[in-house]
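The chains carry the letters A, B, C and D, assigned in the order they are written, with residues numbered from 1 in each.
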């Protein structure tokens, strides 16, 4: 397939590369052009403008937030103005339900198709084509894109016709991970203040009740206070928590736990260190228990 | 070994039976004597008083709460007055850190030994000798009791010399489970209000990020609103949340998530239905989202 | 002075009338023109467009929210395009800190002046020229407008040169009122469940420790469950809570109490009754205590 | 009247003195006897034991907490064992609803009468006979004690026959004050981070919407960070918050704001400074906003 790919960050680079490996004809674009070069060396066509990436059947966007997506979609030479009728915009960024709904409406107006396909997984998973891809949109459009998803992920889960459903799955999934971090943070603060060894405690939990890898991964980060380099930076965690709250506001769903997370991120970010992993919110429980400040390395 | 066993509820009956199966000489006592008969038929000796259970090497208590334990330990013919020097009291009940510390001190004063050995697992796990047993106390005392733990559980995890450490592990573990229920409750309310199918959502989560059995078990209960019969009744969940908060107060550890859980249980119990499963707190998020009241059976 | 006035709702009508009474030459505009007629009968000049209100020295906006203000300010025939150089836009609406900052910048770019002058007070206070007006902006601009403020309020409080400071005072003041409502709601739920008479309790509190009128006013509304007609409707309370949270996000200030209020409003509004007074959030504490549902009229 | 008075702390000394001034025959007792001497010099009779204070018509207790009251009431030579039939125990301490109910039952069993009469006011108000006294109990008993209340306070408010009702008023009143402190703390953190002067902000609020003296008093303490010497120490604020939560648990009333306060006090006390005023919880909002740590003197 002829595919455009916009957004070559840690995630996007790996995803685009896997499309190339699967034999697709990929045209790539990035706001800062250095990232383009590496992909071109691997067989991609480099595009100088967003419009340039919109000549094929599908264009995929993998960008930081709502505002970055709006910048490439709207405007004179944006995706909306450049994509041919019937072509598909696949949005893999973690964006708001509201923006996803707006994109659905706008693409429909222009005779284009829109599929939401946010992904779960860290950069290593993107590189290894091990992403979990959550997809929603018109069945024919999703069918068309399925070979692309299969090239980028280990599993594609479809959530119906309404694209924003996929975004809701992604947002709420991240909310669940952040809640797990907070839960671990409070439990570990409590047992540490009580004199227990955090690693032994985690070893017990993760070998009995909480066997999901997420507990091992985050438990170790928290017990070791290993928040750098960030696997997923705190500002992104804050952004996703706000997306959860915004989705809740739109749907009239109170979310007390998400409120707690919001305050945790605000407090963490208020210290000025934006390069820290989002799991560092766990240390606020420890700090409030008098267990010392967050280690900064 | 000659073992006394006090408390033949859903959990205790199975545990005592497994001690018998392993060949120990077990004397059983229960406040309401009907439960005694079944065990006697299986080879136990029935005791008419607490003191009667204290003639051997070890006496195990498996009771509902602090007050039940205090009732059998203190007083004229209680365990403290009846156990011979050097004998061991194993407390498997989920009790407060404070009471565990008091028991440690009192048994020491009387020349007796005290081991805390709370358990994780439902009644079926108790019956099948599949409990996870968390143990803390003087090493020699714990060593002595180890064959008993092996007869009752699938795994024994030792947490040092201080008995109350085991109680802290138990309490905080239950706090983590309750937090998981709240997290699922909020996430499921959000996606359901957004039009998604809760079962499909859970199927996705539990096959990707949240693979621990706990997510499958509780996710299904919540999505199906299947809160009866209770596997673990709401008043017990409330009790354990209060134990977590009390431990936090004693250690000066703020626990915002535990506070949220406390209010959830209070609100649930305020409706007068004490036979409902503790996972029903999840429905309060749904109710606040306008998704209808808790289904009652 | 020659003054334009945009927004003739419950608040704006009274304010414009008081400007007329004080002898100012007032041109009025409202999106729905019926409201204009009443003012014209009292001596105002009716304007058919926003631009028409911008011919004088000052134009005052008194509108529902950020979006309503943006609609009259920006765009081809908006205030920004219509006001002459050196003229002043006085914004009395309760708007976000962020929009106030944007208006400051945009008016400056156009050589115009901008003063933020949000008000505290109910419609009766607006009618009786008893508003408390909070003002911030360039001193000369504020001086110029002072006779207008004196015509509309009982007291003008200046908060420096930065217009958005006045908005922050207004927003946080409303947050404090909403927090007072929540506090009263919880305390009244507790004592009512304990068998006390809410009115006697309030009589005691308001004659001893909590003598501010706000406690009498809201205490009576809550104890009488008199939430209609709304003095200040719940959607406005929700809007202002969101403005508080947004200000906190911008400034990196966690606000746990504001989060609680947010969830209260979401839950209240989720029931679909948008005509209820904001003090009805107090009834959620009562409801959670099992004291019955909110009375609906 | 012949009155016994137990507990000569900052509050009790002033109260006992005012009884003397009013011409009553007062026998005083204190655990640490130095405080007794000063009262004896002013005409009181000094008692060497609790039993000694129980010879008259009424005995008043003014002690720190539940446990202190239990110590003087129960036991061999306690009030219960010493008071003659028909005599009255007036409890002015801030104690739990549960203990007040227990005292009601126990005194009744012994043929004695029990009146709850907790007080609002600082030590200066106690010295100046300016306390607000909240009274509940059997009407004849309350009538008998009324001259005593009039000697100690500026106003006596009766809340019916059930003694614990008075305790609920006292506890919930303190909850409302603590909530006001938290509200002020969050609002002041927000405006301070936004660049406003806290004193000017408070001057505005307390001269317009929040005119109750409590806002001036606590507002000034917070803005000046003047938390020492403590007017009401943080451990007492924590104790009263726990009493509020305990009352809520007993009555099945969730209290999210009281939970927030609980965590604030835990975090504050976790720093080890127990001599700080309870209004210092306000500084945690400021600290989380990055406005610096609590000033320590």
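Operating definition for what follows: contacts are C-beta pairs under 8 Å (C-beta built on N, C-alpha and C of every residue); 3 or more make two chains touch, one makes a residue touch a chain.
Just so it is clear, the model here is predicted, and its values are computed rather than measured.
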| item | value |
| --- | --- |
| Interface composition of copies subunit A and subunit C: same or different, split at half | same |
| Chain at maximum distance from subunit A, centres defined as averaged CA atoms | D |
| Geometric centre distance via CA averages, subunit D-subunit A, whole Å | 53 |
| Centroid spacing, where centroids are CA-atom means, of subunit C and subunit D in whole angstrom | 38 |
| Interface hub residues of subunit A, defined as touching at least two other chains | 248, 252-256, 260, 263, 266-267, 270, 288-290 |
| Contacting residues of subunit B [partner subunit C, same complex] | 263, 266-267, 270-272, 288-290 |
| Subunit C - residues contacting subunit D, complex | 97, 120, 132, 134, 155, 157, 159-160, 162, 164-165, 168-169, 172-173, 175-177, 179-180, 182-184, 186-187, 189-191, 193-196, 200-201, 204-205, 207-215, 244, 247-248, 251-258, 260, 285, 288-290 |
| Complex interface listing, subunit D residues touching subunit B | 242, 248-249, 252-256, 259-260, 262-264, 266-267, 269-270 |
